[in-house]
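For clarity, chains are labelled A, B, C and D in written order, and residue numbers in each chain start from 1.
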């Protein structure tokens, strides 16, 4: 057989990039530096219609100035862009669609803009590629969604374009690596340009342009939970989790969700955890943002390591002073990295535990509501059983050994199972039910014409559900009927719970598939806020020996 | 509820109105008036479909501080923000007037012992002022309280105690200021206009209501202590408040009168000087005022513990 | 502000109201007995001495057209820091002036009420706006208890804290009727609707039976908060004179408890608008009486 | 619009009431409730009165209080609740705390 090679140019991307960058030379001074007022012109020069463009929008830090400038470009010059970015938080992220500058979107998470995305989808202003998990989207940066132009954000730059992203590195390395090594263009907004950087997080030759933004980039203290707002019911569920799951399986390596339930657990370790003699036996290694609520547990010697997706405002000095625990650079400040942390969260933790809005009788859970396209960020990567895992731990093996489907699906091979735990209250605030016969995700899929229902954690991955009524050990269930019965058995007086058959529930209790506070030996009258190691933000400052510097909005003093 | 001995070491800030009421007086001496079993709820809330409370969000009663009957009014911020309506407003006025009744009876029965047995009124504020669901009645009740305060002048000391979550705002902000003595913990806040309204009036650039540190610098206890609007700044335990109330109960009426900030033409003049200072200085932040009064590093003050703060702070000199 | 142009309202016309009420040409601004106020201080508060029905009275009113240069939120009749203390000073100077006079000769204080609020600014909170308004109220309460008849006449806006400060410590309160645009409230019904999540129509219906929450002169009348409603602007003078005389008579008869905030409580009970207040206080009295010995004899 | 008043009666296996004549716990805060327990001769039964702004949860209230009665075996007890949107678990916890309080020995 004869092979027919094709004839073509093999470096069109490189040439195109060179031409675009060259055309922008009028706006640069000292090599790569561009004045803020020339940013719109720069973007109009280096971006072309239909380009894949990434605006660095992380869970926390935002390339807000570049996002604003992209909204101001002439739509005659730039249109139909394909935005590929992990998080849409700022109004500008959607304004580009409103104005026709962008047309298509691939993303992970949208928080505050979720309502507008749904609206735009309905009106045809936006074409949605897919809603990904973080790792999934980063993966596609290197496969079929490589940005042509990336608008990134760093804390500092030097004249050579070297960047310091430091504490808030987050997504930057993943974006730049994908963009630059496929001959793309990287534009960075920075808070300041300095002579010498504390350390280099992104080498200068990977960066084409640097703009000093008029204001420091916007960052949201997303992971700060004021202990003063934790309720007695959250304390109760936290105690149930610690005794019924953490202690039961000896969970050492884990990820915590963002909510108040897990903040309560963090604050119960030095008190309730200590009473149960669990120090050193659980919660030693975290994949977690630097949660201020973890400070008391760290200070009491519970925690050995924490790797962070991103930073958290106010935790800089504390983290820097605890370099045995956190991942701190030679310059003394932490480096976060969402891609690596997500990898750790996917493969190297034994348990994911977090909250949700709704759980259905099959155990599918979702935070989706009917009119908001929000996505789930990284939760599904951690809230699943990673089939590629090949190392074993005690907790993982124990859960695998209890897995009722193991003989049927695994044969005689020894395997383990990730614990995927959802904490829910049967009714949330305003008495919204936490258990529903059909997730709102179904209505959303219909409203926003999505091909699949946005489910955060699939029922078959879920191993445990905690409510105030008890813990359901779902992986112990023999079949879907039993799984549904177990969920109904702890769903209280919701429509799902009211269908529970008391006899079946009693049988499941006997078998240890459902355990209540009484089964666990927890005195419900002792579950009060007085159990918390810190009762307010100020207590956290005291625990940190003054190193934690909470943002002004959390300072009640 | 916690026992008195446990309350003593408990946080005042976290305590419920009833816990504060019981813990502010001597052990085992508190008798509550219109307690929950009396079931005196607001009839107006019922009509509007708003949740009610048996004590209408206010715990009133009498206890002892040594030999001094202490008439306690304690507001519950968790119930509709501690706001004042007809029933709890009447409870407040009623309690103050009972103190005057007691004073009269003591004077009649124990003429030589009035100083030693002189009653006092202690109000633990936690309120945003008027309860909007019954705003007209609430407003009228505020006026009755001020009227009753004036009746107490030189006879029965009135002590404001402020150190709970909601702070003391709206009309109750001036009620607190009109007392003889003000005791606060670090978390206490007193003001007239709430931060959100100031932001609305002046713009976010001038006053960002979500910046709690700024809110505390403007209305918080440390600021109040510096400008002499707070007489005692104490640690956040019910026991510390109880102790200082015991001291106040024993002071002469003359000493009490000296602690006032308003209520006479001389005090008006003194306050006008402060207003002039603020008008001339146009401070961007309370810290400018702190610096003016001799605090070289004002930004450090919020971070200090109460004890450290008391050691180092410089206050406005009283004229 | 369009309302200011309306002939059928007194809103924003405090100075005119003073002239309409007192004996013609008798008002001397910034003078109380031998005390002279600085002319340019706190121009939003108008204080001075006038003659009413042949007798000297102290006048306290607001000027809605004045601005306070140093305190940017103070305009349109707002009572700010300087205004509050100026008003308090006027009261204390009145007490001082008649200190040695017999009860019958203690001059009346007339409050002309048209104010939208207290100074809602940052400087106000830094200096303590609560003290300025509290100070004025204590001064009025003291004057009332010293024997000065105090009559407040609501001619326009009597809003929330500003009404507490400038009005609600008077012996008697009279008000122009609703048809003159008179506003007495803490918050308009729209705000109450937002907070209670009940629609306005329902609230208006409820207000017919229960006067405690809705905005309006009539509701305050029913609660005892307003003694008498004035139906015609030209009647202001005669009604005020009538109330000054009635208050003076009650004081002379030693019936001070029928006046002021306490008296309004009694009136509110009589008019059926505030009946729980009395029950609450009676019950407390009874409960204290049962234990009084333990405390008084301690 | 007006507040909902729900009244229930429960039979109880036990006839044991609380040692105190009455006991009060909690605050009608947002998402919370207060509980007033009173010793009453009800032939062993329990009666409950709930005042709440929430509509449509009558059955949930009945089941939750029934659960409390069953779990604790109280009798001859009157329960009065003022509620402000408390979730079922908060209701249950407060009831249990109220009972614990009512049966606590008076140490002082």
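Odds and ends about this structure:
As a convention for this text, contacts are C-beta pairs under 8 Å (C-beta built on N, C-alpha and C of every residue); 3 or more make two chains touch, one makes a residue touch a chain.
All values derive from a computational prediction rather than experimental measurement.
Central chain (C-alpha centroid nearest the global protein C-alpha centroid): B. As a whole-number value, the distance joining the C-alpha centres of chain B and chain C reads 24 Å. Measuring from the averaged C-alpha position of chain C to that of chain D gives a distance of 46 Å. Work out the mean CA point of chain A and of chain D, and you get 41 Å between them. Chain B and chain D have Cα centroids lying 34 Å from one another. Among the residues of chain B, those in touch with two or more other chains are 47-50.
Among the residues of chain D, those touching two or more other chains are numbered 1, 85. Multi-chain contact residues of chain A (touching two or more other chains): none found. Inter-chain contacts occur between A-B, A-D, B-C, B-D.
Against chain D, in their complex, chain B makes its touches with residues 1, 3-5, 16-17, 27-28, 35-37, 39, 41, 45-54, 76, 78-79.
On the chain B side of its complex with chain C, the touching residues are 31, 33-34, 38, 40, 42-44, 47-50, 60, 62, 64, 67-69, 85-87, 89-91, 93-95, 97-98, 101-102, 105-106, 109-110, 117, 119, 129-130, 132-144, 146-147, 149-151, 153, 170-171, 173-178, 190-193, 197-198, 201-202, 206-207, 218-219, 223-224, 227, 229, 261-265, 267-268, 271-272, 274-275, 277-280, 282-283, 286, 289. Contacts from chain D toward chain B in the complex involve residues 1-3, 22, 24-25, 27-30, 32, 34, 36, 38, 51-53, 80, 82-85, 101, 107-108.
Chain C meets chain B in the complex at residues 70-73, 81-82, 85, 88-89, 92-93, 96, 118-135, 137-139, 141-142, 145, 160-161, 163-165, 168-169, 185-187, 191-192, 195-196, 198, 206, 209-214, 219-220, 223-225, 260-262, 264-265, 268, 274, 276-278, 280-281, 283-285, 287-288, 291-292, 294-298.
Contact residues of chain A toward chain D in the complex are 231-233, 236, 425-431, 467-469, 492-493, 524-525, 527-528.
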